[in-house]
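Next come two complexes built around subunit A: one with subunit B, the other with subunit C.
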Partner chain A sequence: MKFVRTILVLLVLLTPVVSAVEVSAQDTVTIEWWSVNSEEYSEEAQRALAEAFMAEHPNIKVNLTILPESGFQDKMTTTLGAGEGAPDVAFFWDTNWYPQALDLTAYIEADPDLGPETYFEGFWKTRAVWQDKVVGLPLGVGANFVMYNKDVFDAAGVAYPTDDWTTEDFIRIASEVADPDIKRWGGDRPRDAYRAIWNNYGAFLYSDDSTTVDGYFNSEANIAAYTWLWDLVASGATPTPADIEILGTEGTGPVDLFMAGRLAMATLNQGHMLNAIEAGVPFGIVPEPQVPGNERYVNAWSLTSSIWAGTEHPDEAYEFLSYWVGPEGQRFLMENGNLFPSIPEVLAEYEYADQDYAQAFFGVLELKQVAEWKNEHPCFGTVNRAVSDVWDLVELGEIGRDEIASTLNDYMDDAQAALDECVPRLGG
Partner chain B sequence: MVSTWRNMSPRTRREALEGYLALLPWIIGFLAFTILPVGISIYLSFTEWDIMTDPKWIGLDNYERMFTNDPLFTQSLKVTGKFVLFSLPLKIILGLALALLLNLKVPGMNFYRTVFYIPAVISGVAVSLMWMWLLQPDTGIINTLLDQVGIKGPNWFWDPDWALPSVALMSVWKVGGSAIIYLAGLQNIPQHLYEAAKIDGAGRWARFRRVTIPLLTPTIFFQLVIEMIDSFKVFTEAFVITQGGPLKATFFYLLYFYQEAFENFNMGYASALALVLTAIILISTVILNYTSKRWVFYESE
Partner chain C sequence: MSQNSITTPRHRWRNDWWLITRKIIGHVSAYVIMTALALVFMIPLLWMLSTSLKGRWEIFAWPPTWIPETFHWENYQEAFAKYPLARFMGNSAFLVVMNIIGELVSVPLIAYGFARLRFPYKKTLFMLMLSTMMVPGHIKLIPLYNVFSRLDMIDTYWPLILPSFFGNPFFIFLMVQYIRTIPRELDEAARIDGAGTWTILYRIILPLCRPPLTVIIVFTFLWTWNDFLQPLVYLNDFNKYPIAIGLAFFRGRYSVEWNLFMAATLVSIIPILIIYFFAQKHLIGGISSIGIKG
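For the complex of A and B:
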């Protein structure tokens, strides 16, 4: 009996303690955050960022899970598709995931510190807004530009390219600086159509309303862009696709060839720029060449960071998202990693912002983005696949310069059929 | 006679129950991870599904499109068919030839067997990257060696005429795996049959033709079926190296399936593609099985 009484007393004494623990657990909300590890934002930096956030927000616990890139893609697709198990906050880097992202419009409107004006306009348009809804916030920026190796140009006695150069200048300069005797190429070739140079020509795959390829795929602008590619291939000043594939670096661009001085000009990105600085390679940066009289484009990207529409804690998730992708978080990742923030005000604080290369890089971020059209046209990939032979025929030198227009016409039916099949399914 | 549950003794019943209990994990696994996904795939093949929203029933539309209005389906089937016809005989013959070599009684044979088996266990992606380097037209070792003997090597993966043979060549590199199976078959052939043939005056070639080949036909048949299925499923090489090009010369069926499912978010159509491939493999296997009655011999026969 004494034993039973002791147990009862202990239970009565423990009850307030247990209740306190329960109350404390109820007050703390856990946010699941999925991310990946990269040179721009290491796992260590992201964990430190989560800790810093939790120190400021003791009622929110952020549980960070780092996944490999391929695993991230698969897990996000399957959990979003299944409608359960997805993280509260994550990168929504695939536009097909956007329907599952929480509409942040109301949050943004109510947020005095964060809004469209906070970010670069181009990245807000392409990475935050989708179908008139705010589906996420853009984390970091990246862009393609042409890097030229100053040593190679100096040795060849050729003047550096300038910001206002044209596509014709590109071929001319590449030919001048190339030297087949020492296996040195002048400039690389694009890896696919309908990127910056195609858009600079005013060439798009199909109509803006996604109804027809006629007048677009076979347009004068498209013929001009493919003719430019034909001329570049014929110039012999550019590596073959096999050379690029092998001597390029993991599909990201021929940075190794460039650094070794075997490629005078290469279309690279800000990560390669940092590699070149580290290697002590003297270089300059210009935007991809323009076509006089036309709007100039840049192939740029950012990571849409979103809240899953199925989250049980949207307010706390937004609290974290706006910290992570807002000025504080992006500044933290810039100072503790290699992230270039998508917020101009924070980017201006970059340690080497006054350097020429940094100014040139910042300059291309202001250009109109290739993604602006592509994001609004989810059938682009399907239609482009149907006509990819045209690209191969030009690259392989299998057609003559005067056969480009007729070849494009030969693929009109395939392009239209692909568009007609895809638009009812994915929209236009 | 099969006993019924009613007339079984308690002990037999207990043993039967224990047997089924032991089988249960496999049965659950088979139902959950094979039958259920196949059933769902069959259902999805009659739908339009972008993964993110609910599947929409569209009846036979996916199949109708596939057989009447999809040039990429025809192209991928043609390319894969060519690859099977080209690579399968190569793999069967070279696998057998390698097994015969590995069956020789020479010192250090276990080392050679291990060396030849290694390619079979290396990741397909790593192998693809390695072959990309080997077959690089300007700097690759194969063309460099060909150049030494005055032959201008082709552009391999980057030439529409050579891309498919290049992938077939790559697949041959992995014959070490099938050679081990052949080797097991070779070592199961009773020695006394060779001795009897020798006494009858049979030479090396006659012994190989009259004893080895007939008694190896069950293994050859097994390998034929397995390698055929494997050839139909070719994917990694195209995914890593060629992306289906140039000029869709390596646009394999599974690459098309992958693009439709995970890049084009057309999961319903991809399910239909998967089922058609399953049917093709099933029919090919049935045909092979039917013909096997004429050329496969078992020791007991």
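For the complex of A and C:
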């Protein structure tokens, strides 16, 4: 009995230690804001932004929770799945979360300062609008482009790539600059099919009306894109996916290899560009290679920032969201962090806008976005997963160059079945 | 005719010499192999140490270097300056202590019940309890979140502590198996001497259960120290995060600061190494005794 009594006393004593103390003021509304710490918006910058907002809105308290990048997805998925405990305002960067985002259409229509015309058109279309609803506002811009290490090119005596380079140029230059003796690769490989280079070839997975894969998955354009990949793999000038995985880039792009001078060219993004500037690595930027005569695409993104549909304070949440992702907030994060705003008039104020790298980055943003087609075709992911073996077979060098067309034909039924199954479920 | 009868002193000396040499060669080989294996197992740790002292982009240079060009001891300082790692480790230590208390309170009680007491549907309940081990933790996450949310315990340590006070099926299973190996005669003798159930448990059974209790302490320590998902889901306040979450902050959206990450990780595993150093004898003894006797 003495033991049980000791435990009970211990529990009673510990209660105040582990209990959260809830402080609530009667006249203020607290908005829960979840975010991550990033190269573009540090914790300090975001806390300062919240302070600035609260100074202007004394009736609203913003409670910022900073989560690790790798945990944000799990925490959001859990709380949204539980239907409780989700934040009032947060990134809704997973499209699966969109159904639980508050429809902002009415707020946007009533807001004289904010609307579709405020943002880059492409990002509004791909990151704010979903199924005719406004599910969020796009924060910042990001894009993939090819960064090349000038020192490595100079040492190899190879001319730098230029904006008008082609996919064939990519393989040629990568092969010229690669040096297996010192474990240096010329360029990286695309991370998946149907990104910018596939679109540059004019290759799409299925028809625009989402009815058939015939004439698309097995099209000449798709065969050409896969043949280009086959040639790139066969050149030996690129690290394998296993190399990339082992050499520690954690799915963010092979920046570590690039910065160490072991990858002469790499498909990276504006965050990596900032890394290179900080480290003093001399680099240049060109868009992903084009296919002459075809429209050119870019894999670009912005972070959908939304209000949870379950919020108890939608008005106050919108007040904060429109500040954070509006011109004021994005300007604040640009000046106090490294954000590239998704608002053209604010981006134009970027301090180093006249630098070559900034001009090159801004130029890439003007290309047509890969996400546009994907956003309008919600079954893309399902169909792509059904045929992902084709990608693996080419990447692993398990089929011959002349077997690409027949391999695509072999997967036609799987692709069509996936499309037929998905469209009634998610829409066309 | 026995072999000894034809053994001359010279033969005997040769035999002895051969035996001694064989013994020495055996010992030396064993040590060489074990040292080599130990070094192989040490490689990740040594690489972590080397990485923690390198410049950020030196890590991926070719050929790889074990000794950094310049020793960046400031990486450790920077890692601690960037995030409150000491606080995170303190939070982890608190969770570890509380979970160990919880398991030590609950597991012996439940295990003793299953191992010694008689009650209806005992086998069924035992099987039911064991079957909960088959349910992946991720599946329970959302329902448990709902439960703790309704108890108004989100952003407190309770969801991370309370479950341990209700027992862990794996530990209960271990303990039941161990208690079953203790002769019932000891219980009966104590009962004849006037001991009740509680006295038998705490005075007779528990003192004999040191091996499984050590296993419980060490595993609870490891699992709690390394747990990332549950604290992530239940805690919102940055200052309450344990070290497993703190380390994740070194991975940015677009890149990882490997040198700082390794410096922080190396410091964070020191408590685990210390615990293992002191507990390894009991831990291995505990596991083997449970395995053999169970």
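In the analysis below, the second predicted complex is superposed on the first by the 388 of 428 C-alpha atoms of A that agree within 3 Å, B and C clash if a C-alpha of one lies under 4 Å from a C-alpha of the other, contacts with A are read in each partner's own complex, and residues count from 1 in each chain.
Convention: a residue touches a chain if its C-beta (ideal position, glycine included) is under 8 Å from a C-beta of that chain, and two chains touch if they have at least 3 such contacts.
Only a predicted model underlies this, so the values are computations on that prediction, with no experimental measurement involved.
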| item | value |
| --- | --- |
| Partner chain in contact with A:226 - subunit B first, subunit C second, else both or neither | neither |
| Which of subunit B and subunit C A:323 touches, first, second, both or neither | neither |
| Partner chain in contact with A:417 - subunit B first, subunit C second, else both or neither | first |
| Partner chain in contact with A:388 - subunit B first, subunit C second, else both or neither | first |
| Partner chain in contact with A:81 - subunit B first, subunit C second, else both or neither | both |
| Partner touching more residues of subunit A, whether subunit B or subunit C | C |
| Partner chain(s) touched by A:37 [first = subunit B, second = subunit C, both, neither] | second |
| First (subunit B), second (subunit C), both or neither touched by A:396 | first |
| Contact residues common to both interfaces of subunit A (with subunit B and with subunit C) | 81, 247 |
| Subunit A-facing residues of subunit C, complex | 56-63, 98, 101, 105, 141-142, 145-146, 149, 154-158, 161, 198, 202, 228-229, 232-233, 236-238, 245, 248-249, 251-256, 258 |
| Of subunit B, residues touching subunit A in the complex | 48, 50-53, 65, 69, 71-72, 132-133, 136-140, 155-160, 241, 245-248, 259, 262-266 |
| Contact set on subunit A toward subunit C in their complex | 1, 3, 7, 10, 14, 18-20, 32, 36-40, 65-71, 74-75, 78-79, 81-85, 182-184, 247-250, 252-253, 255-257, 259-262, 269, 271-272, 275, 279, 281 |
| Residues of subunit A defined as touching subunit B within the complex | 77, 80-81, 96-97, 99-100, 240-243, 245-247, 381-382, 385-386, 388-389, 392-393, 395-396, 398, 414, 417, 421-422, 425-426 |
